[in-house]
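The data blocks that follow each hold one structure.
In the two assemblies presented below, chain A is common to both, partnered first by chain B and then by chain C.
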Partner chain A sequence: MSGERFLGTEDLAGLVGDLLAAGTQVIAPAVAGTCASPAALASSACLRPGAAPELIQYLSIQDPALLALGRGMPSLSLKSFFLPQNEALLHWKQRGSAIELEPAPVERRRRVVLGAKPCDAAALEILDRVMRWDYVDELWVGRRDATAVFTLACPMEDDSCFCPAVGAAPDGTRGADGLLTPVDGGYLVEATTDRGRELLAAHADRLKDLDALSDGADLRDQAEAFRAAARERVAANLQIDAESVRAWIATHYDDPLLTALGVRCNGCGACSSVCPTCHCFDIVDEPDGVGCGTRRRCWDTCQTGKFTAHASGHNPREDQNVRFRQRINHKFSIYPLRFGEVLCTGCGRCTRVCHAGQDLVEILATIDVAARRGEPEPTAAGEGDAA
Partner chain B sequence: MDDLRDLARTLLESGEVQVVIGWEDGRRGARPAFVTAPEGAGRLIFDTRCVHNLATYLNPRRPQLTGLGKVAMVVKGCDVKAVAGLLREEQLTRERLVIIGVRCGGVLEEPALPRAAELTPATVAPRCYGCDNREPSLVDYLVGAPQPEPPPPAMTIDDRVAALDSMSPQERWQFWTDQFSKCVRCYACRQVCPLCVCERCIADKTMPQWIETASHPRGNMAWNLVRALHLAGRCVGCGECERFCPVDIPLSLLNRKLQQVVADRFDYVVADDPEKAAPIGDYRPDDRQEFIK
Partner chain C sequence: MNLYGPQLATVVDLIDETTDTRTLRLELQDPVAREVFSFRAGQFGEYSVFGAGEAPFCIASPPTRPGAIECTFKLVGKVTTALREVNVGDTVGFRGPYGNWFPLDDWKGKNILFVAGGIGLAPVRCVIWNVLDRREEFAEVTIVYGARSVADLVYKRELEQWATRNDVTTVTTVDPGGETQDWAGRVGFVPTVLSQVAPSAADAVAVVCGPPVMIKFSFPVLDKLGFADDDVFTTLEMRMKCGVGKCGRCNIGPVYVCKDGPVFTAAQLKQLPAEY
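Then we have the complex of A and B:
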């Protein structure tokens, strides 16, 4: 690819410094939790002799030294930088019957995300479809428009990853403006949108032309080998036909395979919290004192009973089996039907975070088998004989 | 393990129960199993990866399980304290439940391993150290060979609580403020707790909104403290809230501190005797009240 340029590790740090100096916010995977006292007391992992566990999260960094690119998957997705866990929509003041409203400012500060997981960037594009649909969500769109995203080609995290099965890729640039691929001494950088190209052009002094480097051809081979190996590795985890899965779910609403999925589920909703594509929110009014307050929106999850509780007391989704079916149905049937995209990027976080053993890889594989054969495989979704 | 499987098969074949809830090998380690057919009994396992407190599936907030019929549940000594808690609070009918106890030598901190691993100070669940109930007594059947005591963790929960106690109030406040600031308000801690039995949690009440739902410091502090206090004298210390927390808030330290306070103030330690009333449901004229001035 002719557009690729070389960014040395030191130049990456320099680039981050340049961006910060220009007032741009830089978001990147960074070491979030340290085992420094007294926080070490919080983690039994920190207390083990000789242990130095790292917690990697996407953080807004002030110092290039905090960059932790390619050191594992952030346990929370990039979503909170576009749809925060809670954010003010407006403030109100009330005097007698007069109410004053002050809308929250729409964020417009320029931002650059460096080293996003390709699955997390793809989620942004998938969510754009609903956020720019009948009602344009100004807060989401404002942040999207102000943010350039560069993904970092991913070697694959573990056996819960399945991005190619849902149309993403470990070296993808969907939802992003460019891609970094790790090579000896740094990264190959490639811009895929005008915004990405403008960013690279503005920082051309940090980049080197591959043709001008004596080992340029070798670096290009390294990058291609890295990406090809990752694609092959992750493809082995799960192979499904997303379209027949969608069609099967849409026509098998009451199939035992879909009605017993939530037996072991605790309804904790942690899967939604860590999911890059789960985007449901609840709007609450919170008083800030007498006669004034803030309207906020907060993440919500379809995995709790409160999500669908009616004021009458009736709840159309009365148990976890029905709530978990909704999760699968929305992601793999309803959203693709309406927006043409599966509401999942195969990041695997829901499977990793579930301590009850709910396993999306296994569930999708089972549905895929049912969709291909026209009937479900007994016991395979892990609901045992109950399925 | 054969005695566990044979017993489960017999119970299902005879029709005494319709489902046996135990553990099985999943793709990513041990996980809860719901066996409804006798031929499925061979799936059941018990080893150091069987971390989950399955008593949470007896919680009445589990309508997805009511249709499965009478339950036989495999429990460790720690889990059975939660069963006793549900019986004590009349959330459960003893006659509707068959309890299969397993002799336990401690479990790992995490069950996500392809096979059982030996317990070492680096891998053992810290709560297992000093366990007082490795052979559960509130059971209908007891299976498995006697197990050795679990090793101590690198630092015990009591030592960690003592380290927090030795901080100044400002330092301790900062510690908990930092920890709660991570909270994403998913309520996983509540959902997995075998003893969070409220049909409608105070956090879900909106008229009035007692606890703010936004994950700002005020809302997070309110939620985490109310959760802990509502479990004072009821929490069995199974640690599932901490294990399920997606942002690793050390809830076990808070729960243990409250256990210590309850032991000190009310001379009460949570045990597997459902007849022994918990302080929260018990009035005694001689309760200390020197704090009323």
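Then we have the complex of A and C:
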């Protein structure tokens, strides 16, 4: 990398303070509590050796002291900051037989995300495709346009991570405006977009030129070594040929392998909630009182039976294995075919959170084998459950 | 207003088609929107009752008769129950038009066969009037329509109008047991009657819409009559929310029904998994 500058730990805190003082919202990983249950531990990936059992979340922070960069995987992705779990689309008020509508505002206050996982930032760019497809979703785009994102090079969290297999990287800047890499005493920081460069220029007093530092070359080496080691570690988790996987799924809807892979799923939809790229939503009306109400969109999941159920009772996806197939199909075949991107960034959250033991690393590896061999290759787990 | 904000529309008329099926005639309240509103036969909209929510239905009136939007719905769920309760003068929401359309311009000079069952006549009715309003552009027009019983036939007055026209062949049928004593039409399921009517497939296209079981048994009849899969068109019903390719609800395999459909050929349907 070139153009990197040094941001000391104290200067990072100072930078956050400057941003907050200027009225910018700062979103960063922070400690939201402790992982007080085995499930919380598993889903937040904080079983990493040496990691404290903290519950890390992306939070809108008011105090630089709350920053917890590089302390593990936030258990939820950045998604809710761009596609809130539920949000008002409009408010309506009835006056006799007339209706008054008040739209939800699209303009957003400026925000900076510091220390995003590269997989979570990549998801934003991937979702830009659908949110800008023909009809522009102004609510999504408004938040995207108002938000600068700096990723933090990730050391890899655990064996559920597989970002390089789906086109992301532990030191990636897709969907982001720059990258931080941890080094002794702070971070090397580089902007990769105009928005990122403007942000760094506006806070140049917090940054030091590497050439001006006596250990500048060493810091550069440290950063590169950190990134290279992470890339190598995570690449070992899963290697697939994404195009073969896509083509195989598109031509094997009714393959027994997909049924076998789906039968373990019990349709709770947790995978969709924690997924940085799952974006299916519902639109519902809620009363706010008599004669007034709010039309909202809320996260939804293709994993529940109601998702596709017609009012008549007919349901195109009656069985859970078909609904699981839809999730795999949408992520690894439908979306790539339509938008040229896999709808997955390899963050591993769906695997960590699944109480039925569905492991996306295993599932993709299995499909990849089937795709390469041109024939189904049932897994031991899948066969056992199918029987 | 954002992408999901509807136009406000006034209910200017309501017609009870059957005991459980009603047509609402809507006029957009904004004069500019009303003026510029246009659509193609086969497109749909999201209709809403504030407080109950939105539901997608086809635009049942033809684009050749602008000024109002008609939707025909059957009382089955939450939104249709609320739509059933609105009166003339009330305000509802409308977003659209969305989706693709029947390629009428490609059908010029051809014979056109319409096959519909039950409330499936609603989207087909839009195309029928569109074709009849441009009658000179098309060759023979045949309508085969059926419902469970005489009481379940929708658009009864229009069925009579079509039946009395000498430039349209209209065959109306009811399922066995659904006839009344004075029923003058046919008795039999739509696919059976279709095979009896046996319209020629020569230089013809077919537009088919109805309950899944009717479509399932009509396709083989059309195939036997010689209709190519590319010349058989239908319109799919899927649960939808956004209508604009965002909410992910209406996927069937690689297809987004709201954007790539709702109009598909039989050839296209055969490429999709049976998730509709």
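In this text, the second predicted complex is superposed on the first by the 360 of 387 C-alpha atoms of A that agree within 3 Å, B and C clash if a C-alpha of one lies under 4 Å from a C-alpha of the other, contacts with A are read in each partner's own complex, and residues count from 1 in each chain.
Quick note on the criterion: contacts are C-beta pairs under 8 Å (C-beta built on N, C-alpha and C of every residue); 3 or more make two chains touch, one makes a residue touch a chain.
In this text the structure is predicted, and so the values were computed from the model without any measurement.
Using the contact criterion defined above for the overlaid structures, shared-chain residue A:I99 touches chain C, although it does not reach chain B. Of the two partner chains, chain C is the only one touched by A:T308; chain B is not.
Of the two partner chains placed around the shared chain by superposition, chain B is the only one that A:Q320 touches, whereas chain C remains out of contact.
Touch criterion met: A:V130 reaches chain C, while chain B stays clear of it. Of the two partner chains placed by superposition, only chain B is touched by A:Q85; chain C is not. In the superposition on chain A, contact of A:S77 is made with neither chain B nor chain C. Contact with both chain B and chain C is seen for A:V284 once the two complexes are overlaid on the shared chain.
Overlap of the chain B and chain C interfaces on chain A comprises residues 282, 284. Contact residues on chain A toward chain C in their complex (touch as defined above): 89-90, 92, 94, 97-99, 101, 103-104, 106, 130-131, 133-139, 250, 253-254, 279-285, 287, 293, 295, 297, 300, 302, 307-312, 314, 316-317, 322, 326, 329-330, 333-334, 337-338.
The part of chain A that touches chain B in the complex is made up of residues 33, 38-39, 41-44, 47-49, 51, 55, 75-76, 85-86, 159-160, 262-270, 272-274, 282, 284, 286, 296, 298-299, 301, 304, 306, 318-321, 351, 353, 355-357, 359, 361-362, 379, 382-386. Every residue of chain C that touches chain A in the complex is listed here, in rising order: 1-6, 8, 48, 50-55, 76-80, 87, 89-91, 93, 212, 237-239, 241-242, 244-249, 251-254, 256, 259, 273, 275-276.
Residues 19, 24, 26-37, 39-40, 43, 52, 56-57, 62-65, 68, 109, 111, 121-122, 126, 153-155, 160, 163-164, 167, 171, 175, 178-179, 184-188, 191-192, 204, 206, 209, 212-216, 219, 240, 243-250, 253 of chain B are the ones that touch chain A when the two sit in their complex.
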